[in-house]
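Common to both upcoming complexes is chain A, partnered first by chain B, then by chain C.
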Partner chain A sequence: MTTTLATARTAPRDPLARYWSRNRLEPYALVLPAMAILAIFFAGPALYNIALSFQQLSLFDLGREGKWVGFDNFVEVLTDPATGHALFNTALPLTIVTVAVRLALGLGLALLLNASVFRRWKLGWLVRSLVLIPWVTPPVVAVAAWKWLLDARYGVVNQLLVGLGIIQQGIPFLAKTNTVWGAVETMLIWRELPFVVITFLAALQSIPSDLREAARMDGASELQIQTRVVLPLLRPVTAVIVMLTTIWTFNNFVYVWLATRGGPGDYTQVLATQMYTASFVDYRMGSGAAIGVVMSVIMFAFALIYFLVVFRERDGVR
Partner chain B sequence: MKLFRAWHGLALASTVITTLALAGAASAQDKVQLTFRQFDPPTEIGGLVTAVDAWNASHPNIQVKLETMGGGDTLAQLAREVPAGAGPDVQQMAFVWTRDLARSKLVLDLDPLIAADPPGAGIGDFLATDLATLDGKIYGLPWSADTFSMAYRPDLLAAAGIKSFPDSWDDLATASKALTDTAKGQYGFCFPAGSAPDGGMWILANYYLWSNGKTLLEETSPGVWKLGVTAADIAGAMTYFNAYFANGLTPDSLITVNSWGDPELVGGLGRGDCAITFFPPQTFRAAQGQSEQPLLTAPIPKGSVKRISHLGGRALGINANTKHPKEAWEFVRYLVGPETFKTYNQYPAQKSLLASLNFPAAEQGYVDMLPLAQTFERYISSPLQVSTMTALINREFGAVYSGQRSPDEAAANVIKELEDGLKAAAKG
Partner chain C sequence: MSVDVGTSPSARFAKDLAVVVIGLALLLLLAFPFLWVVIISFRPDSEIFTRTFRLITTITTDNYAKLLSGSPFPTYLRNSFFVCITATFFAVVIALVAAYGFSRYRRFRLRQVLLVLVICTQLFPFVILITPLYAMFFSLGLVNNFLSLIVSYIAINLPFAIYLLLGYLDTIPVELDEAARIDGASTLQVIFRVILPVAWPGVVTVAVYAFVAAWDEFLFALTLMTSDENKTVPVGLASFFGEYTTQWNLVMTASVITTLPTLILFMLLQKKLVSDLTAGSVKQ
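== the complex of A and B ==
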């Protein structure tokens, strides 16, 4: 009798509420709007892109169904030597080099900005704001400004180098194969560095000062504190930064396209510019979509392997 | 009585408001809003803005909103918008786009509109209608025509002891040597040598090949296409233009310049950084505006066979989705009319209007080249996309200029990709 009364008191009277409660549908209902937005704005276009990659379709026939060609687009893309060249450029000079430099510079700058002198003089807000300036500059403006700075004849950089007697004549940085990647990487690193600095800075400021004090009392030097205490605590945030910057840079189109359009020749062609050229210059939407799918697969594989390695290490699995 | 007056006043006010509202609604219904999109740089369209403003002032019921979009993106944007039921009512198109848009029915067949209300002095008066025609129907009305000519600083040529403008490509190279003084930062010949898919090298490379009796593709019999060049021909063209960089007659910085409208060229001529370059008319006028010294034009150098340039220009198309085809056509007829060309800074694509035009003496180069100019019909009718060929030529010439590839390697790439394209097209 007691049990029956208790059940009657806790069970909802409304049949719909009873059904929901019984089937535990509330969580699903709550995430439904977010899932719908994801489906419409992310999954939908992604699926459409995958479907396009199996079709032969001109840019001018978008909205119509193309000719289904199976894996022909993938075969064409993967056997094209230009893809190998673009993949190498995307992986090494564009992604690996710039991510590594951003990581090193970002950590160094964050350690500097975390110095107690800035807090003591209440200048933390100022330096954080200054660091953010490149990041709030639109990439288009940033690249245009850098192109002007690097101009062979009228650019400030060349005028400075000539004025100091380091070089005799201005260097056309974006026209020479031995300087063009350096120039593009400089633009990218300058614009994207603040994200790394600010993220590291936030992580540094969340490390309790007690830990440093304890290490200091145990006789650790400043260098030992940084290498044995601070850096290990930064590993989780470093993992996230590497992950995000790698994916963003690998897929990036803006810097190379605005700075060089893939040139001179095809020297700086990357997968993203190759995809654009296939789709909007050659009008081969299927080939462009296939390059997009290949890029997604590569990044998906990277993310999977990276997370497996990072989390296995974090969880102590060897 | 007071109540009656109040009711009377209220009724009167209601009637007036309702009448005004209905009239407003009716007038809003009658008023047509068209969008006209063009792709020339904002610095070059002052005259067009004046012409559109004049239309809006005289056509209160057909108002036109002028949109500008960067040239390189316009075609792709149209191809995305129109299938989705959007896009401008009237679109400025490069001559070479019309057939691609027509083939996919993204622009209206203009034949019924032309038959009902012919433009200008009749369709027979228009130039380059071949490029606007697909399966015997006209999809774009030729609007403006232009070609390129050489542009130069006569004072610099005189100072270098050059009495007449170089007549051939070889003469141009010789003159450039005499005009180059790197200590002064003065170069003989400047041209857009960038590798971008829409760069200007394509134009110059074709002029060189055509003038030497070659062409990238040729139609041997109806529908049968083959290469009209050998690897040696392409390598020869690459070697010729690369010599300007190798001999220091052209600044290396131009390897990154894609457009003839780039400040390095437009301003460079005025500053005296460049003695000779090549421009279409509106860019030449922009350069004149920035130059303290007089500028002149001269014909494109001749090759071993002839002197030639291309007849380019713009056509006007009507969006296949427009709700107002008649009004759009009325506006198109206005744009090709003589009133527009009083302020619009382009040459009209109509024989009668061209004949009545007074060319300034400085633009004599265009007067000389227009009769020799040929359209890109030879490529547009081929199974390869003109944009693909443009990208290929610019990329491979750029690879030679930057030292990535030798002329022979780059020429072999051009030949291979053209042949692969023809084979793929033959397979369907």
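== the complex of A and C ==
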């Protein structure tokens, strides 16, 4: 009696359990192709990059082993004032400013678009389509569009400013040092804002509505509900957004390269464009690799500090 | 909604209307740069250099004809479609097999380590890979060969694809596999005959994101494809607007065509794509 019950209970799981115990290597075989590609593509080049950073190697001498020069590339890169300039540009105008502006605009827009009227009037589809338009635009197209919009003579922005009498003559935004960062930041923020908006929107929509209702019952004003109930609940998603956008932007190459090539002069040079220039314009692969190592160290330190801070907050130490 | 005591219906309607008008106005402003690109792409040469702002002038499709018959742009399009579709296909297949391994075998050694490594690659600065990768592909004789670009795009997309598919496969009951196993199906048969048809929605999302990421990619394509006839669309388009561009209407036409594939995919599947993407960052 007991034996039949036991077999009856285990019978349905039995065939597969036996199958698995006979195939201990199978999970490894299944994940192997993916892991091999990731190893070849990430681990291999990352290690090779470190080796390259200790060599002197011209782009034309690839295939041969470079001359080992110890820390020469690092000494050269770290004592070059251009590196400090590029690091400052990467950190402040490129990353911190655009992440902060994206957070502020993204949160504001998400709070506005989360209003129930958009759902009641069945405008969700239209809202989502319009929000997504900058994001479906490839970065290259975003730069092309803004270069034309910001053209000194025929660009809409200048024509509008001149037409309104704010300025006398069109400004070549990308060629002047006091406007070029604003122009590059505008391109980047425009293209990358939708990600922040839709992530905040999704987080807002996952907040149960009875939470707001309860606050309203207790006599909280609309503003109090937003600042005391909604905003604290957005902390985790904000942490994720800040980390992702910071890492993506710090390493970004395409906006600065296509908008200004690091110019005028070297004014908007960032680490990514400096690295590309060292390797593929000046053909000094060793220097390019050394800049890559410096960038990875900075990003690694950022990620580490960020995780420590965020996790300490999660644990309630605050 | 039931607690709106003290607000008359008309006052409420006015408030709703104000929110909708402000919201849509801001969104139109946000979308304007791309709408402007579309408008300029239909504008004749003679009318792009106007001194004052005009929204609509003569409409012509000449730019499209010129771009598609008298320029190298169709070659770039063919290259991009070939590279992106091939890379997407292999990324999805390889990721599906790996995700199945991670989802169904919960206790194999290294599982946690490998999964953490996969997620860490998401935070990896791709840009620093370009110098060593160029050197590696060069020594393999693969610079200016589509294979190097395809492998790169597979690798870039694998981590995200594995992570998202793992989430999908975890929601599919194991009983489905068991039934197929009892019928004597092999693991690969289970994955592609049983799991794939059920995991289809997740696979579509992953495929769209992989395709779009490859389609938009600029740096690898710029560096690895050295001859003009092997350029992909983003690099080809970038070469159209050097420092002294005068044919802005052609640049805008090329921009519209470059955006069309991603635009179409997102307009068709927007609700699903957005909710699948944000699911990861919202749930903690």
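In the analysis below, the second predicted complex is superposed on the first by the 283 of 318 C-alpha atoms of A that agree within 3 Å, B and C clash if a C-alpha of one lies under 4 Å from a C-alpha of the other, contacts with A are read in each partner's own complex, and residues count from 1 in each chain.
Going forward, a contact is a pair of C-beta atoms (placed from the backbone, for glycine too) under 8 Å apart; a residue touches a chain by one contact, two chains touch by 3 or more.
Keep in mind the model is a prediction, meaning the values are calculated, not measured.
Participant: Report the partner of chain A that touches more of its residues: chain B or chain C.
Facilitator: Of chain B and chain C, C contacts more residues of chain A.
Participant: Return first, second, both or neither, reflecting whether A:G63 touches chain B, chain C, both chains, or no partner chain.
Facilitator: It touches chain B and chain C both.
Participant: Scan A:T177 for contacts with chain B and chain C and give back first, second, both or neither.
Facilitator: In the superposition, A:T177 touches chain B alone.
Participant: Check whether A:V101 is in contact with chain B, with chain C, with both or with neither, and answer first, second, both or neither.
Facilitator: neither
Participant: Is A:F280 in contact with chain B, with chain C, with both, or with neither (first, second, both, neither)?
Facilitator: The answer is both, since A:F280 touches chain B and chain C.
Participant: Tell me the contact category for A:V310 with respect to chain B and chain C: first, second, both or neither.
Facilitator: Neither partner.
Participant: Touch check for A:A152: first (chain B), second (chain C), both, or neither?
Facilitator: In the superposition, A:A152 contacts chain B only.
Participant: Looking at A:P264, would you say it contacts chain B, chain C, both, or neither? Reply first, second, both or neither.
Facilitator: A:P264 sits against chain B, while chain C stays out of touch.
Participant: Touching chain B in one complex and chain C in the other: list those residues of chain A.
Facilitator: Residues common to the chain A contacts of chain C and of chain B are 62-63, 151, 153, 280, listed in rising order.
Participant: For a test of understanding, state which residues of chain C touch chain A in their complex under the given definition.
Facilitator: 1, 3, 16, 19-20, 22-24, 26-28, 30-31, 33-37, 40, 48-53, 94-95, 97-98, 100-102, 104-105, 108, 110-111, 114, 117-118, 121, 123-136, 138-139, 151-152, 154-156, 158-159, 162, 174, 177-178, 181-182, 187, 212, 215-216, 218-219, 223, 234, 237-238, 240-241, 248, 251-252, 255, 258-259, 262-263, 265-267, 270-271, 274-275, 277-279, 281-284
Participant: Under the stated contact criterion, what part of chain A meets chain C in this complex?
Facilitator: 12-13, 15-16, 19-20, 23-24, 26-31, 33-35, 37-38, 40-42, 44-46, 48-49, 52, 57, 62-63, 109, 112-113, 115-118, 120-121, 123, 125-149, 151, 153-154, 156, 159-160, 163, 190, 193, 198-199, 201-203, 206, 213, 216-217, 236-237, 240-241, 243-244, 247, 250-254, 258, 272, 275-276, 279-280, 285, 288-289, 292-293, 295-296, 299, 303
Participant: Mind listing the chain B positions that touch chain A in their complex?
Facilitator: Spelled out, the residues of chain B in touch with chain A are 76, 79-80, 83-84, 100-101, 103-104, 106, 185, 194-199, 251-256, 258, 264, 273, 385, 387-388, 391, 395-396, 398-405, 410.
Participant: Contact residues on chain A for chain B in the complex?
Facilitator: Contacts found on chain A: 58-64, 151-153, 170, 172, 174-177, 260-267, 277, 280-283.
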